[in-house]
Every structure is written in C-alpha cells, then in structure tokens.
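Take this structure, written in structure tokens, and hold onto it; I'll ask about it next.
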Amino acid sequence: MKAQLKMVNSIIETPIAPLPQELYLPTLKQALVEDLGLAGDVTSQLTIPENKKATATLVARADGIIAGLDIALTTFTLVDNSLQITPLITDGQFVKAGQKLATVKGNARAILTGERVALNLLSHLSGIATTTYKMANAIADLPTKLLDTRKTTPTLRALQKYAVRCGGGHNHRMSLADMVMIKDNHIAFAGGLQQALQAAKAGRSHALKTEVEVDTLQQLEELIALGGADIVLLDNMPPEILKKAVAMVNGKMATEASGVITPQTIRKIAETGVDYISAGFITHSAPAFDVGLDVI
Amino acid sequence: MKAQLKMVNSIIETPIAPLPQELYLPTLKQALVEDLGLAGDVTSQLTIPENKKATATLVARADGIIAGLDIALTTFTLVDNSLQITPLITDGQFVKAGQKLATVKGNARAILTGERVALNLLSHLSGIATTTYKMANAIADLPTKLLDTRKTTPTLRALQKYAVRCGGGHNHRMSLADMVMIKDNHIAFAGGLQQALQAAKAGRSHALKTEVEVDTLQQLEELIALGGADIVLLDNMPPEILKKAVAMVNGKMATEASGVITPQTIRKIAETGVDYISAGFITHSAPAFDVGLDVI
Amino acid sequence: MKAQLKMVNSIIETPIAPLPQELYLPTLKQALVEDLGLAGDVTSQLTIPENKKATATLVARADGIIAGLDIALTTFTLVDNSLQITPLITDGQFVKAGQKLATVKGNARAILTGERVALNLLSHLSGIATTTYKMANAIADLPTKLLDTRKTTPTLRALQKYAVRCGGGHNHRMSLADMVMIKDNHIAFAGGLQQALQAAKAGRSHALKTEVEVDTLQQLEELIALGGADIVLLDNMPPEILKKAVAMVNGKMATEASGVITPQTIRKIAETGVDYISAGFITHSAPAFDVGLDVI
Amino acid sequence: MKAQLKMVNSIIETPIAPLPQELYLPTLKQALVEDLGLAGDVTSQLTIPENKKATATLVARADGIIAGLDIALTTFTLVDNSLQITPLITDGQFVKAGQKLATVKGNARAILTGERVALNLLSHLSGIATTTYKMANAIADLPTKLLDTRKTTPTLRALQKYAVRCGGGHNHRMSLADMVMIKDNHIAFAGGLQQALQAAKAGRSHALKTEVEVDTLQQLEELIALGGADIVLLDNMPPEILKKAVAMVNGKMATEASGVITPQTIRKIAETGVDYISAGFITHSAPAFDVGLDVI
Amino acid sequence: MKAQLKMVNSIIETPIAPLPQELYLPTLKQALVEDLGLAGDVTSQLTIPENKKATATLVARADGIIAGLDIALTTFTLVDNSLQITPLITDGQFVKAGQKLATVKGNARAILTGERVALNLLSHLSGIATTTYKMANAIADLPTKLLDTRKTTPTLRALQKYAVRCGGGHNHRMSLADMVMIKDNHIAFAGGLQQALQAAKAGRSHALKTEVEVDTLQQLEELIALGGADIVLLDNMPPEILKKAVAMVNGKMATEASGVITPQTIRKIAETGVDYISAGFITHSAPAFDVGLDVI
Amino acid sequence: MKAQLKMVNSIIETPIAPLPQELYLPTLKQALVEDLGLAGDVTSQLTIPENKKATATLVARADGIIAGLDIALTTFTLVDNSLQITPLITDGQFVKAGQKLATVKGNARAILTGERVALNLLSHLSGIATTTYKMANAIADLPTKLLDTRKTTPTLRALQKYAVRCGGGHNHRMSLADMVMIKDNHIAFAGGLQQALQAAKAGRSHALKTEVEVDTLQQLEELIALGGADIVLLDNMPPEILKKAVAMVNGKMATEASGVITPQTIRKIAETGVDYISAGFITHSAPAFDVGLDVI
C-alpha cells in the first residue's frame, strides 16, 4: 500500500476547500450530547484532578489520507474553548503510521471528554478518504475519474462526500434534486426510454444535467438514436461490453460505469475508457482509519 | 460463510426488542431532507405519471443478518403514508441472497423517492449485524461474549448498537456517563492506579459499575491487590498472556479483552477463557450489506 | 388581467408535483408556534363555546394562480386532526375572485386558531405564483422561459421555488452547490475569465453545469473563444445588445438574460430570442394574493 | 419619493432597539444551510484562490430605510468569523441610492459565500421598512399611527415586525395570545356581540387589552351601549363613515381603521381622525429593497 | 384541605381550553428521549414477554386538582400508538386520593416504558394546579383574583401557566414582550418615574397595557399625579399600607399586590381589596402531586 | 436551619465537576426565546437609554446551597456577550441570606433582559441543592447516602441531577437504559421473581447493574434464595422491617430504601442501616431558593 500512497499528490488537489461550519457543527453537537449522556465523563470527573493540565497528540496508527481533521478538532473546542489546538497537517494529505496529526493542550478532563467523538469522526472520514484514494490511485494514470454515489450513511452525506474529495474522488449528485437521473425503474414506469427521455427534456430546470442508465448495448443504441443525454450510465456491464459501449458513444455523451466496483475490479473497468466510475463502496463500506490520542 | 450463518438461531435471541421510534424518527427525517434537496425527486416527478401505482420488493443481495428493517421501512411512510408496507422477516433473522425482505405497494413516485434513504439505512445496519454475527458465531461454542464499543459513527450510536444486538453481539456502555471506566490515561493523570481506584470508589453513583484497564500482568496484580473492580479490561495482550491473566483473576472480576479484534483473531482470544471481547471493528468498519429494491 | 389569465393552461403544466411534506412540515409547525404564543388563541377560547362546530370556506379575493393550498390546509390538521378538509382546486390552477378554494369543517375554535397561519402561507405562495404567471404569460407565445433566482426569502426557498413552478416559471439552481456559476467577482478574483473557466473545468463534479456571466459583447467574445460553457448569463444588456449576443452565441450555449426584469420589461427582453430570463422579482417582490376565510 | 424620505427623522425614533440575537440566529443558520446545499459554494471554491483577500461594500441601489443591517452582517461572521465587518449606518436610517451601508474585509471566498443570504435578508427587511416609511410618512403630520398586522410571512414575524419598527410603524399584537381581539366570526359563534364581550370580560388575563371589530355604525352603537372595549377596530369603512364613527366613539376607546390600506388610500383614512391604521400590506406585499455587494 | 377543595367548582371555570399540541409535543418528545437513553427500557425488554398485554390505571394518591392529563397521556401514544387510552376526568377537576384518572391498555412493555415521563409531567402540572387552587380557594369569596408570574421553570412556561389556569388562577404576562411593566430598576435607569412613564407612553404598541411598580405610598402618589397607568403593582406592602393604597387608587387603576405571597398570607392581602395578587410560589415552589400507575 | 447548614463541608465534596455546556446551552437558548416573545424586553427598550451602563449583583435572599451559578450566568452572555460577569462563589457552596453570588456589569438593558431567565434557573437548581443538602445533612453522621430518582421535571433531568450532586446527594440511574431495575410490575408480567431475575441475568449488557425491588421480607427471602442482585430496593418498609431486611441481606447486596422519604422521615430510615435512601422529593418538590438581582 505504501508505494501507491506515495503518489497521492498527483491525484489529490490540495488544499481541499473546507466545509462550511454550519454543515457540521450541528452534527458535532449532537454527537457530543450522545456521548456525554446526562452526566458527562464521570470517570474523568472522579479520577482526574479538576485543574490538571495535559498535552495530547492525535497520531495516525496506519498509512492513509486524512479527512476531517479541523472538523474533528472542533469537538475539543465545544467541550472547552480554552483548549489550545494545533493541527499539524491538512485534509487531503498522506500520512504514515505514527505520524502526529495535531496537538491539544489544556485541561486534562476536557481532553479526555472530547477524545472519543473527535476520534470517531476523524477515523470515519479518513477511512473514506483512504479507501477513495486507494481506488483513485489505482487508476491515476488513466483519464477515468472516480465518483461517489448517494449510497451514504444517513445524515452524514455532506461530511462523507467531503471525505471523498479529500481522497481524490469526485462527487456525483448530492441529492435527488440535483440531476435528472433516469434509471431502469423510471423507464419502466414511463412506458419506455423514449417517453421518459421526452418527459425529462420537456421538464423544468435548465440548471440540471440529465443522465440515463442503460444495461445493454441495445438500450444504448436506443438512447443514442433518441439524441442521447448529458451522461450515460453503463450499469453492470463487463469490461468487454463496456469497451464497445464507449466506442458506440464516441464522445457524444460522458460515460459512467457502475456496478460492483471494488479496489480489485476498478482498474479493469477504467481501462475500457469510460470517463467516470461511480462506487458506493467508498462511502458505505470503507473501514475506519486507525487514529489514536496519546497523552503526555 | 453460509455454513456458519445457519447457526444463527443459537446465538441471536430473537425477537429483538424494537428501538423506540423517538430514537430514530429524527434521524430518518433528517436523512430524507438531506436526500430530497429543496425540490425532491425531480426525476420521478418528470418521468413517472402522477398516479402510477407499483409494487416494490426489498431483496437481499447477499447472505446475512437483517437489522433495521422496520426502521428503514418507516422512511416510505414518511414520504407517503398511504403506501402499504409489509415486512416479510424480522430483525435478527438470517437471510440468503435473493430472499425477499419486504414489499411496498402504492404510488410509484413515492416508492422511488424513499428508496435510497431506506436502503442506505438498512444496508448500513444489516452490515453491522452481519459482521457482528460472523464474529459472534466464530465463538458461539465458547462462553465468551462479543461486545461493541463507543467507536461508533457520530450521531448514529443508538441505531448501530441496536444493530449489534440484532447480530448476536452485546452492548458495552452507551456513553461516558454509563460506567466508570478507568483507562491508562486516567491512571496517569490520577497519579497511579491506587489513587484512581480510590477516587472512583469514593465517587458518587451506586448505579454504575467500575472497569479498570490493565496492559500488563504486573498492573493486573496491582489491581487485584487493591481489591479489584467489577470488570477488568485486558488490553492488547497476546493470547498466552491473556490466559495467565484469566487465571490470575480466577473469577473474582469479569474479564474483557480488547485490541485489534478482527474476524481472524477473535477465536484465539476467546479460547483464552475471557468472559468478554470488545471490538470496535463491528461498528466502525463493517461493510454495508447489499440490499436492492426490485419494482414490478 | 383576466384575459391574460385565461391562457394559463398553455404555460402551466398541471398537475404540479407536490412538495414532499418533510420539506414544509417544520416550517408549518414553527409558524404555528410563532402565532400561538404561549397561550394560544385566547380570543376563541374566551368567546366561542368549546364544542361549537363550523364550516369555513377559503375564498379567493382576486384573480390569480393558487400555490400551496394543500400545504396551507395542513395547518388546520396540525391544530386539530379531526377537522374535515376538502380542497376544491389544485395548485397551479387559475381562480377568479370569489372562487371557493377549500372547505374546512369541524371545531370552530380550531378553525379560527389555524386561520391566520394558513392564509399567510397561501397568500404568500399564491402571490408568487400569480406574479410568476403574469410574467410567464406575457411571453407565452415566445420560446423564452422564465426562471427564478436565489433571491428568495431566507428559510423559505423550497416553498417559494415550488410556487414559481405552480405559476408556470422554472427553477434556476437551488443552492450554491447546484451549479458552477461564474460571475464578475469570481472572474476578478481568479485573475481573468480564462483562469476562472479553466479552474472550473478542471473542477470536480461531472454532475454540475457551468454558467458564465458576461456584461459586454467583448466578454462574450472572449468566452466563446475559450470554448464557452453550458449557459451564458447576459447580464444587464439592453434589448439591442442582447439580440447581438444571441446571434453571436448562435445556439452553442443556452442564453439567459438577467437584470431589472419586471412585468413591464420582460417581453422586450424575450423578443431578443434569449432562451431564458431570470427574475428575482417573482420571489422577492411579489405582492400577496388576497385570500379570505368565510365562516358559515 | 426623495422629498418625502427626507422627513424620516420626524417619524422614526432612532436608535431602534436591536432584536436579541436568539430571535434571529436560528433563522440565519437555517438560511445558510439552505443556500450552501451539501457542498457549499462550489464556484468560489473552484475559481478563487484559497487565501485571496478582498474588501466588499454593501451598497444601496435605491433610496429607502435600512432594516436588519447588523442582523444580515452576522451572516458573514457565521461563514468566517475572521471577517472584519464595519457597518456604516444603523437601522432606521434613510439612505440614498449609491450609499455605502457596510464593508466586509477578509477571505474572498467567504465573502461571496455569505453574500446572497445577507443580501436576501437585508433587502427583504429594508423593503418592509421602506414601504412602512412611505405610508407612515404620508400621514406624518397627522396624529394617526400606522400599525402592522399578523399578516406576516410564516416563521419571520419577529424579523418583519422589527423592520416595521425601523420604518416608523408600530406593532399590533405579536400573536394570538397577546390580545383579546373579537372579530366578526367570534361574534357570530358567540351568538352576538353582547355574549362575546361578556365572555371576554369574564376571561382570564388582566394583562391583555380587548379590541372589538365593528363593520357598521349600528354595530358600533351596540358596542358603545355595552360599555365599549380598549380599542375598536373599524373595518372596511369608507372615510365618511369612519369620520362618523370617530365622532361616535368620542375618545372613549382608541380607534383603529383597517381594510385595503395602501400607499394611495392611507392619507384619506387618516384624515378621518382615527388613532391607528393597520395595514397588512407593509409586511405581506412590500417589494424588496435593492442592495448590492461591490467587491474591490 | 378537603373541605376547601370541595368548593372547586366555584372558582375553576371548566372546561379548561386545551393547550394546542404544538406547544407541548416537542417537550414530550425531548422528555422521552431523555428517559430512554440510547437503548430504551432495558428492564422491560429483558423481563416482560414481547406481546404481553396489560391494563394500567393512573390513580391519584392525594386530593387535588388535575392538570395536564391529556398531555401526559400523549406520552403513551408516542411510545406505542396502538395503546388504548381512556381519560376518566378532565383538567381542572378536583379528585380525591384513590380516584382513577385514566386507563391505558395494550402492550405491557410500552406502558412501563412511558410510565415515568407521563407521571412526571402529570404530577408536576397537577402539583401547580393544586397549589394554585389552594391559594385561589382561600380567597374565593373575595373579588381578588390570583395571578401567576414569570417565575417559571425554564422552557416549561406554557405548560406551567396552563396548569395555573387549571387550578383557578389567572395568567399575568407571558413574556417580556407582552406588557410594559415598569419596575424599580427601570425607574432608576430612566432617571425617575416621570421619565420612565413618559417614555413608555410615547412608546410603540397600542396593544400593550402598562403596569408600574410602586413600593411606597409616596411613589403611588407620584404615579397618580402623573396620570397613572393601566395597572399599579403594589410591591411588598403590609396589609395596612395596601388598604390605604387601594383607597388612594380609588378604582382609577387596577391594583395588584405582590411580595412573599404564600398560602398563609394570601387572605390577609386579599382582604385589603386589591384586584389582583401575583404569586411566584404557585409555579416555582409547588410540590408535586402524587400520582401512581397501577397495573392489573 | 442555619445550624445544620454550617456542616455543609462535611458532606459536599467540592469542587463539583461542571456540567458540559452542550448539556445546558440548548435549554438556556430555549428559555430565552420563551421569555423574549417576538419583540424582546419592550419595557427596557422604552424606558432605559440605549447605552446606559450598570452593575448588578445576584444576591441570596435565604440561606442555602448554590447550584447552577455559572450556568445561569451564561444567560447574560447569550443576551450580550460584552457583559462582564464575575461569579463570587462556586456551585456546592453554602451561602447566607444577603450574600453576594456574582456581579454583572455592562449594558443596563441587557442585564434586565437576561435577569428573569437567569434567576429562574438559579433559584430552581439551588432550591433542589438546598433541599438535598437538608436531607443529606440530616444523616451526615451515618453511613447512609441520599440518592435521587427519575422523578424529575421533564427535559431538565441533567440539570436537576447536577443540582442534586451540588447539594451532597448522589445520582441514581440517569435513564431507563442505565440499569436493570426490576420492580413489582416487571415481576408480575414475568410470571414471578425467579423468571424475571433469570431473564435479566441472561440479558445483554455486562455494563449494567441489576437492582430488584421487594416489598416484604418474604420477597426478600426469595430474592436471596435466588442468588440476589447487585442492589435490593426495600420499598415502603417501616423502619423496624427495614432493620430486619438489612440484617437478612447481611452485606451480600447493597440495600436501598424508598417510599415517602421526606426531611421528617429520612433519619429514622437511615438509622436502620440501609446503604442508600432514594427520594423523589428532592427533585419534584423542592421549593425554589430565593435569589434577587440588585442593580446599583
């Protein structure tokens, strides 16, 4: 893994634009309330002297890409705004196991009270960034770009899609309202591709792109005959079929492949020449990135 | 995997007590708002006739344990409370790939509008339940029980810990306020184990258990000499040391092992005779369980 | 005005897809709490017998287009879910002064308690729909479409943009995240159009369209030379310049005109042949539509 | 208009008492989330260098009365609390087209990210203040005072009624709980004015005033015979009838006129000698006040 | 106490107008979440069979006035909306120890899960109603009315003031915005009573009453000389001074006494002839009313 | 009372660990909104010059124990964060009538605007602390400890239980999820003590203690025969029976007495030798502690 991870600078365009705080502060506050229960950190209250000072270091316990560091560190500020917080790296950077990510200085109880929420968030988002990076890096020498999907953990989409950007991935639509995306079920309910596509084109917003899913080359042919769309989603096609599909599209639409995309399969898919590959895996199945808090 | 999964009834005590709806309705509503954007499902609005009726089936695409089915189905009710929803199995049950989980009948647009939020939740929670089950099942013939941790995804702890219960795991403390859990940092800040333990015992709540982390047999010896605690956490000890620790404790405290517990390592740990094994892996790194929605 | 309004069916495509309730229920509840104070409708409590029954009719007091009827009627259900509510028309329909819109039957106190919130919402949204209609209708025989903007009343964007759809208008982007829209300030900060456009094209999402604002024909020429965008915003150009701009674009980009668009100016702008006209006026300056509640 | 607006100091009592921040911060945060979508200002992120600094000026594009300047400027602080914000005028002041209202210095992306929410709020509230001022100023030489109503935009009442105060208007009751206000429907349901008035007087709060609506001089006579109320609402009476009504009341109750009050009609109504005129127009139909943000 | 309580019908005007549900549902939901923790009622889940049915009865364990019964019973519906709930009395009624208040039938676990929140609310509000009644009843034969104050428990004012109404008390102002109430500190800051009163009279809302606090007969004299107010608050005056004050006012203002009003002192105060007595005691110091839940 | 209160240092272990702000800020904000109405403190706005400065002192008007001082003072910061706030004592301290608790300096309007919310919270929590202290102090020379219960005011449990800690009391479980507590109803529904206890022991969490309620010595005997629990709740037993129960338990379980525990009865109960006494009285029936705000 390390060899690959060294290439990170080539695919992640840092600095990553930070997420506006109104998009994550409510989540942090809710997470703190969840972990504090109704009495807070009883262990620290009982065992640590009230004014004990400490310095803690967040440390990577694996190689990977960091996402959400400033966000996670805000947790400590919410617990005690007199804590001195110093991030040592920025989101989107590659770190090695053992590397220090940030220091937190101040009241010892406060540091331990915020520890778990901060680490949970950082390890979750860095896990997504790291998995994203691994898959994006596997196709870094090809023109194909890696996209996320709407297969995110409920209520955490803004954060998870931010982590995808940190890992060198690109965001597909954010919500149902962001794009006209005609899938098999829409076609069936509309009574056919032609009906669905006409209705969509007659529809309202000039601001939205239109993407159409096809599962076979025959459907693709029909789509092309109907004038195409902005993007065609080539779903669950094996590489050899994908190659033919790309040839048929011939640059008239952007092409996107989807369906069981994993770190193992992505390169073969990319080599077919599709413009984009979308993978739910990077948000719904990325393992946590191991981060610890060492106290001096 | 299938052979193991057949044993499910021996370790999961169904029926699982359902989670009260006040603990998940706000999450569902927030997830819907997140996915609806400001205009809702524009594709369905454009392409599907307003009064089109449909029947959809939620189908497992892998073998596993289901968690959160009724919760996820509530999403459809929030979108359109005239939808007819029929769950076909209950949480904690083992299903095979291809097995139908529920049917949803009614307005076609409403079904597609709620689809993604419902599937995201169901696949996330069933993923946790399935990974929990795999690890719990690996030690099902031993008396050791599998515990979760506080290493959960921010704001989703009640749901994730519910999924652990569905998978045959057991819950460790829910929040910082639920137990006095003295870890290495508390001991360091308190000035030693004796000081930390005395302070904790002099502390307030008779309702809380006390657990103490030890990293070496020497620390364990010190803990025993000080009169012990309700539970001792034996952290990051290799199996042979764990075995000695269990012998030293000799039933006077409950014993819990932790540290890099994975599906690969859990059985060796359990064979040391510890009462509990706690694993962050089941909540922070469980891959999603694949569920689809088929429309007729 | 009436003559124009008869044409409504030609530009409003009813039925309007309803707004999902999760996008407006929190607003309704907050509005009710705002109007109830801490003691509720003291006048009705004091003067009307507790079990008095009544039938109320919502009546248009002007000609116009209705928007938000079902949404507004939900207010009564939140006050007393035993009220019988019967809408008599649907959103997007043209009504004449004196026309009945809905009836509400049941507890008299409950009807009066919900009256003001329901009417405030209905008159606000129908005012937007009616103003939108007047402007859209003024160009109904031309291919140009009327768009809204992000110039909406804070926190009410989903509702106001829904009202625009009811009035025969079309929605521009919903939020800052929905489109790459390069305006004069972006160009200035980027160091020029070329830099801004290159950066945008190198940017992340394949799902988003790109629109570029130009204020002069010279800027338009530069944009075209750089390869153009999906849409060009022709800002504050007089009709004769607009006509030249449309000719220069020559169908290679969608064209959108903006800047002081009012019911008086819109037709001249549309006659230049632009594809779209965007007008903040329809959301930020539409007068309320007069609706009353008559009680029998 | 300008001539009239010069008189502003005579009817607006500055300084206006500021609205407590707990009454508007939740609205600002919700408005920002609404405009940020799930990814924030993608255009600024893509086109503007991360550390670009800028100075922006909020500028009036018309003559009018400013309301909500400090509130609107708080938006920028929520986006980036390192921005330097300098208001140049205060709420309730008359400004001329082209006049600078405030400067915002700091990160260029942050300024553009907050721009729309801040301008939307400021132009909405200043629109209400300006319309209020025009109507209040039209009767500034008469003792009659201009009142608002409960005909406000749902969830924005505290802000809109604040804007009315900025424009030289006065607030009628804030909610249903603030006054006993007996209207035609209450009288009908109570079985007559006598019954309604008796019930109200027997009612609970000594803290609330009582107002009674009458539509005819005969009803007014009945009200006077019953002992009157604190205030009588003379609804929809033409000026000549109003004059008679004021004479009949003869100072024994405060008199308030309502019904189709517009900038055109208000002076004639005021000349009848009524103490108050209440107008929904100033909150539900005031056009936005044009404000721009110029970046240097 | 019983003798007094029999008189209840003479001072409590039932039926009490119910509180709109939007004013208490958020409180109920928050209270449930508070009591459920993250796992709900673990004891019932473990010990009671899932489908066990039961019938529970809410029973008064003391004599008193009931307030909040329907509100409290709503808790059970939030836990399980299939529970059958039958209130047996209505708010504002006198009950005797042992009297049944309501029955709840259905799932046994659900009943026990909702029990504590429902009882906590009912005993709190009925405690306020009962204490209110005792004090109001002590002066029931006199024309003086008992008022509450703004000395309520934070966030529960709407509920507590409702309970006061159930107990035969009357509500003073609901919030700082409901009345102009000039107290000693205002007078001091204004530079004297004259300045404060003039400023208040010149102030904005015709909808609000004005009340002025005086502590001595000399201040009262000054107030009268200045033209008085709607209400005069005679603060902390002994009965003999109060009597003189009432005589001085001579019906020109409503009179209100305040200051250390308890069940022991109220009658002496009322016998001075004041119109109103306001007592913080009934909301901030009323002991809980004992209610139990008996399960069959 | 004063004699008793002098002993305070022996039972209250100061400093009390402060409550994390995320557990009370939402309550403070909601309380402020509740008291501000939609227009704020109209009296101060009208009568006090805008820039008037003042110094206010919070003063105890009785002897007692302070709880929630820093929390209550935060109210002033929310109203105006330029106010200078100086607490003079800390939570858990004994104060005498007339003693100064804190000073607040700055804008006079802001001080009066925040006064009532701050005082309401401080007097409520200090009332609980003072009543707790009186009961805890009455048994200070005995080993028995005083516990609170779940009989708290809805939504204020974290604050009230914090006040109990300030008064020298100890917290029982925080929520239904914190302990397995088998009461009479559980036993009845389970079909007997044996069934309930077995089910509970087979249950999930190793982190939770188990407590069992018994009402008679016979039930206690049965419990002991079944192996006991962590804690036995001896409910509603008279002192002489309690003494026998304590002897029977003989140190094998912790013993807790409950049932009509008041300041009058607590000592007799404690003298029976029980380890704990739990009293709902201290949270649901503690009268407010009198605190005033004096302005210089």
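We just call them A, B, C, D, E and F in the order they show up, numbering each chain from 1.
Simple rule for what comes next: a contact is a pair of C-beta atoms (placed from the backbone, for glycine too) under 8 Å apart; a residue touches a chain by one contact, two chains touch by 3 or more.
This is a predicted model, so every value here is computed, not measured.
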Problem set entry | Partner chains shared by chain A and chain D (touch criterion as defined above) | B, C, E, F
Exercise. Taking contacts as defined above, which has more of them, B-F or B-D?
Worked result: B-F
For this session: Among all other chains, pick the one whose mean CA position is farthest from the mean CA position of chain A.
Result: E
Seminar exercise, completed: Interface copy of B-C among A-D, E-F or C-F, with over half of contact pairs matching by residue number, is A-D
Problem set entry | Centre distance in Å when chain A and chain B are each reduced to the mean of their C-alpha atoms | 22
Seminar exercise, completed: For the pair chain C and chain E, the C-alpha centroid-to-centroid distance in angstrom is 45
Seminar exercise, completed: Taking each chain's centre as the mean of its CA atoms, chain D sits from chain E at a distance in Å of 33
Exercise. Hey, what residues on chain E touch two or more of the other chains?
Worked result: 34, 36-40, 45, 113, 157-158, 171, 174-175, 177-179, 204-205, 208
Problem set entry | Contacting residues of chain A [partner chain D, same complex] | 15, 17, 19-23, 157-158, 161-162, 171, 174-175
Problem set entry | Sites on chain D touched by chain C in the complex | 27-28, 30-31, 34-49, 52, 54, 108, 112-113, 116-117, 119-121, 123-124, 127, 150-158, 174-183, 185-190, 195-196, 199-200, 202-205, 208, 280, 284-285, 287-288, 295
Exercise. Given the complex with chain B, which residues does chain D contribute to the contact?
Worked result: 34, 37-38
For this session: Report the residues of chain D in contact with chain A in the complex, numbered from low to high.
Result: 29, 32-33, 36-40, 45, 50, 78-79, 109, 113
Seminar exercise, completed: chain F residues touching chain B in their complex are 145, 147, 165, 170-174, 177-179, 204-209, 211, 231, 254, 256, 275-276
